[in-house]
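Just below sit the structures, each encoded as structure tokens.
Next, two complexes with chain A in common: one pairs it with chain B, the other with chain C.
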Partner chain A sequence: MRIFTGKAFVLFASVSACSFLPAGDAAAMHIADGIVPFGWAAVWYAAALPFIWLGLRRMQTLAAEDLSMKPLVGLVAAIVFIVSCMPVPVPFIGTCSHPCGTAVAALLLGPLVAVPVALVALLLQALFLAHGGLSTLGANVLAMGVVGSFTAYGIFWAVRRFGAGLGAAGFCAGLAADWATYLTTSAELALGLQGAESFLSLFAAIAIAFAPTQLPIGILEGAMTAGVVLLLSRKRPDLLLKMRLLNAEEAKT
Partner chain B sequence: MNTRQQPGKHAEHAALPRCFLALCLLVLLVLPAGAALAAEKAEKWEGVDKAVVERIAKEQGREPSAPLINTEQGDLMLFLFLSAGAVGGFLAGYSYRALTERKPDMKEKTA
Partner chain C sequence: MHQWTLKAQSDHFLSRIDTRVRLFCAVFAIVLAISQSGMIFPAVLFIVSSAAIFAIGIRVRQYFLRLAEPLIIGLTVIVIKSLAGNEALATWQVGTWQFTIFQDGMLAGCALALRIAASVSVLLLLAFSCSFTDLLTALSWYRVPRGLVEILLFAHRSLAALHEEASTMYHAQRNRLGYTSARHGFRSFGILAGTLILRAFDQSQATALAMMQRGYNGHLPVADCRRLCACDFCSAIFFLAGMGALWMMTSGI
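Take a look at the complex of A and B:
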């Protein structure tokens, strides 16, 4: 990757190294049942439902065109399920958080298909792992599935338009998807919990509380997304061609 | 192969490292401040679901309700996490093989 050279690389290495410093005491995107009032929970369900329906239709179309999409959806769903419930310790902060995995899903399957994939992962976690909740499933799907996926897809294409390589674009997509997910969660919580406090001050308080843990996790998610995209560009360039992440000229080289 | 660059292309490439530097600086600035703030309130290795979401909800007068299926009893959660990891890992590994064993020659395919 051309852009990770010189000073940028040294800074990146320094930031990464910070995450491995000795831990001190300190403070995911999954909102548990009961935290968001019923009215707001219904609003988030209503906002997420059209994307879920469109995602399911898109999944049917893709599977009808090419049967090999089914194992790919299975693989990506397994990745999203594992990644989005795996607590990753952030030693410098002393807390744990998890990446989302939806950037990988959005790039490999398209942002619409990534929504039902996130729904399945979040539903299983809510039912069996006490991670998230059923009443807050809409809010969690909206933050991780919808906003995370579409942000990853949009950022990937925006960075590619600047002439960046696959790895750099994948990194930016993963990073942006993770941070966008947590910002959306902050907004959902602030709207549901604001009471007498103003939305903006509560939103800022929640986003700042997330920041120390989520900034390094976002970088980790960016690196993971870049790794998957680069690996597939070597192993299955045809797949990236099909999803239009690569053009024919790049696939030849 | 045409090696000449289009006007403005160089500037576009130069903008990316600058953005990356700005990102790294942001992280370097926010991490210590956030760590200091978080250190006062959270238990060690607590997940941010609890350390941030539940703490702020509690401050605003809302408590999380018990999950529909309460798996936080004894070793049940450990069993479920391991089972989920094993099933998810198997699915990912099985699909990975199916996905990557074929490596078509793109030079021929795109010619």
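Take a look at the complex of A and C:
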């Protein structure tokens, strides 16, 4: 068996990925419908379902205390969908792209509630835009909703613990969430597409092929998350206090 | 900005079949498509669903615009898969680098690309042929958790208004040079997303208040489904039997 590896492959994968992109907007990294075989699709669904169930339970608990919770979750899901329709120029590669928005959802609503938010946004994207799909919904929810949300939340609080400001913590959370989503999606794709190739070589090929768009999108996601958190801290610190992103002392200052 | 709402003719041949049947058949067809490694079944499914999409009044250009991204992903998959395999088809020497295209890899890539095209076209047929509210009613009938259906409803209700608002803000930012450079673009996008989140919080409070005045107790009522008729059962049986037989023939069972 011969496998095309080494510098030539890296160059070819990057060039082929870039050559497809300038024609239009580069989409955030969702796995397209039909790409993952049935067995793996079932595995990703099974892995995502407990988090969806926990997220819905958490949302019901919060909704029992505050009746505006469900409309809020629905509206945040709609915003995640809408920001994915906004073309923003991506530096270095001369194309447009858009962030995922799950980092913001995870910070504002908590990582568990962000899972159903991602599910709803992904379902709407699949139906209205043909981004992602039904068979890959489990894989996409796992990458974007579970890994993305929990990474964003964990990184935000880890950076805050080191004394960083809201903006810096928000930026790191958005950046880490996007890159974690991208790496998880690459791994899911590599497992799904694996044939004669080894998992690692295919994972590297996919990760490299999408790096020219996904690395700048991560920075865009970080900037957006920082922008949202900073804007909320200036205009509505009470909301950040309610979402426990600020403590009472910080809200006063 | 994307135009994400496309409607079929109001009275098409699929409108006589209940949405629950259409949803079940779509999921069944996607499962069959992703559980086969051959090319014939997905190719037939793609042709049949594309023909049905045109028959219900969707224009060719609109359909292929929606299909463009999955097709680009399919092409990328063919390129990546063609670079690994056992039977060399062609070899090019570019300087010191050697590029080899493998026949078996390319065929596997083509099968995957057809699977993507088939699954996406089935999903698009479902999305074009039924209203979102009908789809949610069907999901509710299939015992999808109520909380999920409710946030889908909230998200869908607010999509148009939020999209309009986001679109106005985005164009206003563009006209005031908000996206001339990456730095300006990131800042503008952060403000846009932050403002949308602020609106979402305010709107969720207002929506909850308005709904509480009309007796909302935390649960949205979902419309009841009509009784399935003989026509629904016949269509389902005809479709499932036809697809199942084709799948078995193309699988060599």
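The definition used in the following text is that the second predicted complex is superposed on the first by the 206 of 253 C-alpha atoms of A that agree within 3 Å, B and C clash if a C-alpha of one lies under 4 Å from a C-alpha of the other, contacts with A are read in each partner's own complex, and residues count from 1 in each chain.
We take it that contacts are C-beta pairs under 8 Å (C-beta built on N, C-alpha and C of every residue); 3 or more make two chains touch, one makes a residue touch a chain.
Quick caveat, the model's predicted, so the values are computed rather than measured.
When the shared chain is aligned, no partner comes close enough to touch A:A187: not chain B, not chain C.
Shared-chain residue A:I82: touches chain B and chain C both. In the superposed model, A:P237 makes contact with chain B only, not with chain C. In the superposition on chain A, A:A63 makes contact with chain C only, while chain B stays out of contact range. Applying the stated contact rule after C-alpha superposition, one finds that A:I208 touches chain B and leaves chain C untouched.
In the superposition on chain A, A:M224 contacts chain C only, with no contact to chain B. Shared-chain residue A:A248: touches chain B; no touch with chain C. Using the contact criterion defined above for the overlaid structures, shared-chain residue A:P71 touches chain B and also reaches chain C.
By the touch criterion defined above, A:L54 reaches neither chain B nor chain C. Residue overlap on chain A between the chain B contacts of one complex and the chain C contacts of the other covers 2-4, 7-8, 11-12, 23-24, 27, 32-35, 37, 68, 71-72, 74-75, 77-79, 81-82, 85, 87, 89, 124, 126-131, 133-134, 193, 195, 197, 202, 205-206, 209, 219, 232, 235-236, 239. Residue ranges on chain C touching chain A, taken from their complex, read 1-2, 4-5, 26-27, 30-31, 33-35, 37, 42, 66-70, 72-77, 79-81, 83-86, 88, 97-100, 102, 104-105, 108, 112, 115-120, 123-124, 126-127, 132, 135, 145, 147-148, 150-159, 162-163, 166, 170, 179, 181-182, 185-187, 189-198, 200-201, 203-205, 207-209, 211-212, 216, 218, 220. Contact residues on chain B toward chain A in their complex (touch as defined above): 9, 12-13, 15-17, 20-21, 23-28, 30-31, 33-35, 37-39, 41-49, 51-57, 60-72, 77, 80-81, 84-85, 88-89, 91-92, 95-96, 98-100, 102-104, 106-107, 109-110.
By the touch rule above, chain A contacts chain C in their complex via residues 1-4, 7-9, 11-13, 16-17, 20, 23-24, 27, 32-38, 41, 52-53, 56, 59-60, 63-64, 67-79, 81-83, 85-91, 99, 101, 104, 108, 116-117, 119-121, 123-124, 126-131, 133-135, 193, 195-197, 201-202, 205-206, 209, 219-220, 223-228, 230-232, 235-236, 239.
On the chain A side of its complex with chain B, the touching residues are 2-8, 11-12, 14-15, 18, 23-35, 37, 68, 71-72, 74-75, 77-79, 81-82, 85, 87, 89, 92-98, 124, 126-131, 133-134, 159, 162-164, 168, 175, 185, 189, 193-195, 197, 202, 205-206, 208-216, 219, 232, 235-239, 241, 248, 251-252.
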